[in-house]
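Here you go, one structure.
For reference, chains read A, B, C and D in written order, and residue numbers begin at 1 within each chain.
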Amino acid sequence: MSTSKIGYDDAYDLQAKRLSVKKPEIRYDKQGDMTDDERVEKAMLHFVKDFGSTAATYLDACIHCGACAEACHYYKVSGDPKYTPIWKLEPFKQAYKREASPFALFYRALGLKKKVTVEQLEEWQHLLYDSCTVCGRCSLICPMGIDIAAMISLARHGMFKAGLVPHELHAVAERAEVDGSPLGVTPTVFEDRLEWMEDEHEVDINIDQEQADVLVVMSSIEIQKYPQSMAATAKILNAAGASWTFRTDGFEATNFGMLSGNAEWQRDMSMRVIDAAIKVGAKKLVLPECGHAYMALRWMGGNMYGKPLPFEVQHISEYMAELLNSGKINVNKVKQSVTYHDPCQVSRRGGATQASRDVLKHLGVELREMKPGGDYNWCCGGGGGVVTIHRADELRYKVFKLKMEQIEETGAEELLTSCANCRQTFDDGQNHFQWKYSMESLLEVVADNLVEDEQ
Amino acid sequence: MSATHPFGAGPRGNIDPILNEVMHALDRLLTDNESTAIDLSSLPFGPGEIEELEEQLGIGEIKAELDALGKSLIRETIYPGVWWLEHRNTDGETAGRYIEITRVPEILKAQDADIGAGLKQLNRRLEPVGDAAVT
Amino acid sequence: MELLDFARGPALQFGLYAFVIGTVWRLLGILLLAAKPDHSAPRKRGGILAALKVISSRSVTAREFRQDTLYASVLGYVLHIGLFVIVFLFVPHILFFKGLIGLEWPGLPNNVIYFVGVITAGVGVALLLRRMTHPVLKLISNFDDYFSWVVTMAPIITGLIIPIRFGIRYETLLAIHILSIAVLLTWLPFGKLAHAFLVFFSRGTTGMVLERRGAKT
Amino acid sequence: MKDERTLGEVLLAKGVSRRGFMKYCSATASLLALPPAMVPRIASALESARRPSVIWLSFQECTGCTESLTRSSSPTLEGLIFDSISLDYHHTLQAASGDAAEAARHAAMEENRGEYLVLVDGSIPLGNPGYSTIAGISNVDMLKETVADAAAVISVGSCAAFGGIPGANPNPTGAVAVNELVKDMPVVNLPGCPPIPTVITAVLAQFLTFGQLPDLDHYGRPRAFFGQTIHDRCYRRPFYEQGRFAETFDDEGARLGWCLYKLGCRGPITYNACATVKWNQGTSFPIESGHPCLGCSEPGFWDEGGFYQPISTARIGGGTALGTAVAAGAAIGAAAAAMSRRRQAKTIKEG
């Protein structure tokens, strides 16, 4: 594989409000030194690999009705038709028709569908990465029921192989593959920071237990930017009286392999966690406040493993809801009005929408839903790796305005979510717009309001 | 006809359109002195429709019978100026039906050729009596 | 009569064969591609019931999107309902199907069909104008979209002309109407009109994938 | 043999009054589908018209056409018209036979060279001329000989006009219509099985009155009678529009006189005057009697499938052909998928 030209040591700006690379003016949109033809060939080969019956069903079904545009925040805020979700798949669709569709032979023989060109792929880099958070709203509006978001993820595979990934995203993915963390969190760093939190918050944190019922993992964003999350997680697990542990050989929940489109890296990253869980004999893997980690491990983990996982996978919000519903932990009532931002991959795409609602109910807050809310919630604009891409900032801020208006309309006092990536996107937006709302973590609110003497 | 069918009663065919045409023809007769004849054999009629049309027009003041190549009935309807004509052949089968909208149907008027023939005949009959005959 | 004989004989026969061959070809060409098993632990039951659920539920636009798609969906509904009515509830059509499959069902009076036909044709024109003017549709439309429009509208227009005639002989118009259907049948499985059957598979797939996650479908 | 008197003189000699003549003219106008206002013109034309000579040839036919023509009892108005033509040869009707009959035909041809009309009923076998002969002369030879000096030919009935039953699939005698053999003179087709007698007399009356043949459609049929479909002039048409159909011959709809479309009525694609002129002195026509139109005046009506099959039924092959289509589609589809899968396998191997 190609190598990044940015050095790891000084590339990241950890002081910034979001996952950020220093000196973003240096731009590389291509990786490796392939010729254009080689890039196209690579892209095609790897597109073809993904044209299974599910993808084919979707790619063959589009009726060009254009409804998906109305569901996409990028189209909504810009009015630019190129942001129509299905248009983002155009080269992928074109490749499908030409290479694998039922009439592929005719398309090729008669030249009815042109070969995808490198110019097309370069142009579509912006559409497949910068302007798609894989939030899946378009998948819900499609009258044909095409899961467009799932297809975007597949299309990224070929783009990665062709070396046509936005540079920052490629860089963090590569670092995650090599170092085990996109933000340079080595096992040592992780352990150091856990110990720091243990002291800071006076909480017992289990590290590298040989055996545990519950394996807990974190996202680098939390480890580096929101370390209190680790303490909050420990507090809750301790309060529940669970047999649990963090593992230094499998702690990273994020999966930039998946976001960037490298299927092998995606597997490597998932397998580290899966192996660790198996090693400690975990009955349950608790995922942190991270949207795409839920998709990667809850819904794709078994597929990476090649068979059903021998343990249950839960998002922290689901785990908290389970503990609260069963009375294993209790929380004090919080007399505040709150609006909750659903992380796309956990709620809309992941099916865990109700869990956070249950937690909020136990907290006794006045929940003011956004409109549209819940499963139809507007994305924060930072998902799918978009928040890492600097040239996408301008567009992302436009999208964020939509989110801001939606939240302001609720008039809620507090803003909560259960995804560190959403959180950093909000922090960055808040900073950019000097906005009054700060994004808070559902996990931390629960930890802060735990009824401690229950034990 | 079934009255319970949701889409109304059966067809009334040509009766109303013909009555309309008769009305307009009567108007032309009065204002422009223009006669009209409607040949009923060129129109599609369902069973009993001609009879119904005849009934609608009714029987007026004048009835005449012509006997030439079979009988013909000529009858004014209840609408003065509207005539019902029915030609029959020598077997008494109906050979044609017409509605004429005119003051007097042409066929009722004595024809010059027939008047001439009649005159000749009358003349011949009077010949032995004297020379008073008109030539 | 020669044209009519050709239309309802060889032409229609060709259309039907093309339709059947194309449909089976396209479906198997899609469905026999590699299928990856899903090893994730389901939250809810997927399978056929989930597929059926989404096949029916996606017929209605979610409330959240309704306002933004109102115009297009109303036109879309009218077009599809109109097509259904004129294709399946016009008595001569029913007799056509009866001849084909042996089943018969009650139809509607012709005047109702003509009325629906005119509305459907009008909506078709409105949809075409929208496609030609709306920036999104202009961008994403291709030959298939316009050709499929022509092929769909042709039987409606030719069917509506039959009672009007325009001085053309009935059997000539009928022949043209049947020929336009032969073209429609021939094209249907190969272009976007295949959504007539693909819709069940794409919605069903989404149902099976997302419903077992308990995710929004 | 040749009668030089005008029609006016013939009628006068019969003692027909002027009123009677006018009545006759009205009937003629009605017959020619001309408006009653045309009666005076017809009267003046008929007064000076001369009786044309008519030679009637019967080939592969069933005599139904002649039966139809003579079914009207004499003397009727149609009958009068036959008084006004000179039917010089008709081997079914004429008293003469054998050589005398053929001599009459030759005499008529000789005396009216270039002016006589030839009426033909029946089709002509070309497969083997011996299939049908009259006085030892094959049909094709007799037709060619007779039409050589004719003014026009009138094909009476569907056999003469389109080949009819003898020409129906598989057409064992190689039967053809008259206009396939007679190309160099006007041929009027009066199809129907049988044709409406009034239509035959009307064409004769037209020729008699105006000395010319009527305006014809693309099948050589007079537009005045074949210009509209049965369906267009059918008194049951409103039921068609209302969607009220007889489903069987003995159901409620049939009793109420509803549309016969579902019972296979060919009215919409059959051009004829049955619905207005009707049959048996204007008594009725098939639909009025409760039977769907068979389309007997259209070309090839025997080969259009079952009479009771609705016209919108597709004329296509059965289930086995469709089964083959399914199999073919499956084979191609499976091959296409297999090809794509092979390409995928190759990719996965190459990494």
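Here, a contact is a pair of C-beta atoms (placed from the backbone, for glycine too) under 8 Å apart; a residue touches a chain by one contact, two chains touch by 3 or more.
Remember, predicted model here, so these are calculated numbers, not experimental data.
Shared contact partners of subunit C and subunit D are A.
Using CA-based centroids throughout, the chain positioned farthest away from subunit D is A. This structure's chain pair with the greatest number of C-beta contacts is A-C. A simple rule picks the central chain: find each chain's mean C-alpha point, then take the one closest to the mean of all protein C-alpha atoms, which gives C. Per-chain CA centroids place subunit B at a distance of 32 Å from subunit D. Distance from the subunit A centre to the subunit D centre is 80 Å, each centre being the mean of its Cα atoms. Inter-chain spacing, taken between the CA centroids of subunit A and subunit C, is 38 Å. Centre-to-centre separation of subunit A and subunit B, using mean CA positions: 95 Å. Counting partner chains per residue, subunit B has residues 7 touching two or more of them. Residue numbers of subunit C whose C-beta contacts span two or more other chains: 25-26, 28-34, 109. Residues of subunit D found to touch two or more other chains are 242-243, 333, 336-337, 340, 344.
Chain contact summary for the complex, subunit D toward subunit A: residues 333, 336-337, 339-340, 343-344, 347-348, 350. Contacts from subunit A toward subunit D in the complex involve residues 45-46, 48-49, 51, 99-105. Residue ranges of subunit A in contact with subunit C, taken from their complex: 51-54, 56-58, 60-67, 69-71, 75, 79, 81-82, 84, 86-87, 90, 100-103, 139-147, 150, 298-303, 305-309, 312-313, 347-353, 372, 375-376. Those residues of subunit D lying in contact with subunit B across their complex are 16-20, 22-24, 26-27, 29-30, 33, 35-37, 73, 75-77, 80, 233-239, 242-244, 252, 256-257, 275-277, 281-282, 284, 288.
Subunit B contributes residues 1-2, 5, 7-8, 10-11, 13-14, 37-39, 41-47, 49, 66, 68-69, 72, 87, 89-91, 93-96, 98, 100, 106-107, 111-114, 117 to its touches with subunit D in the complex.
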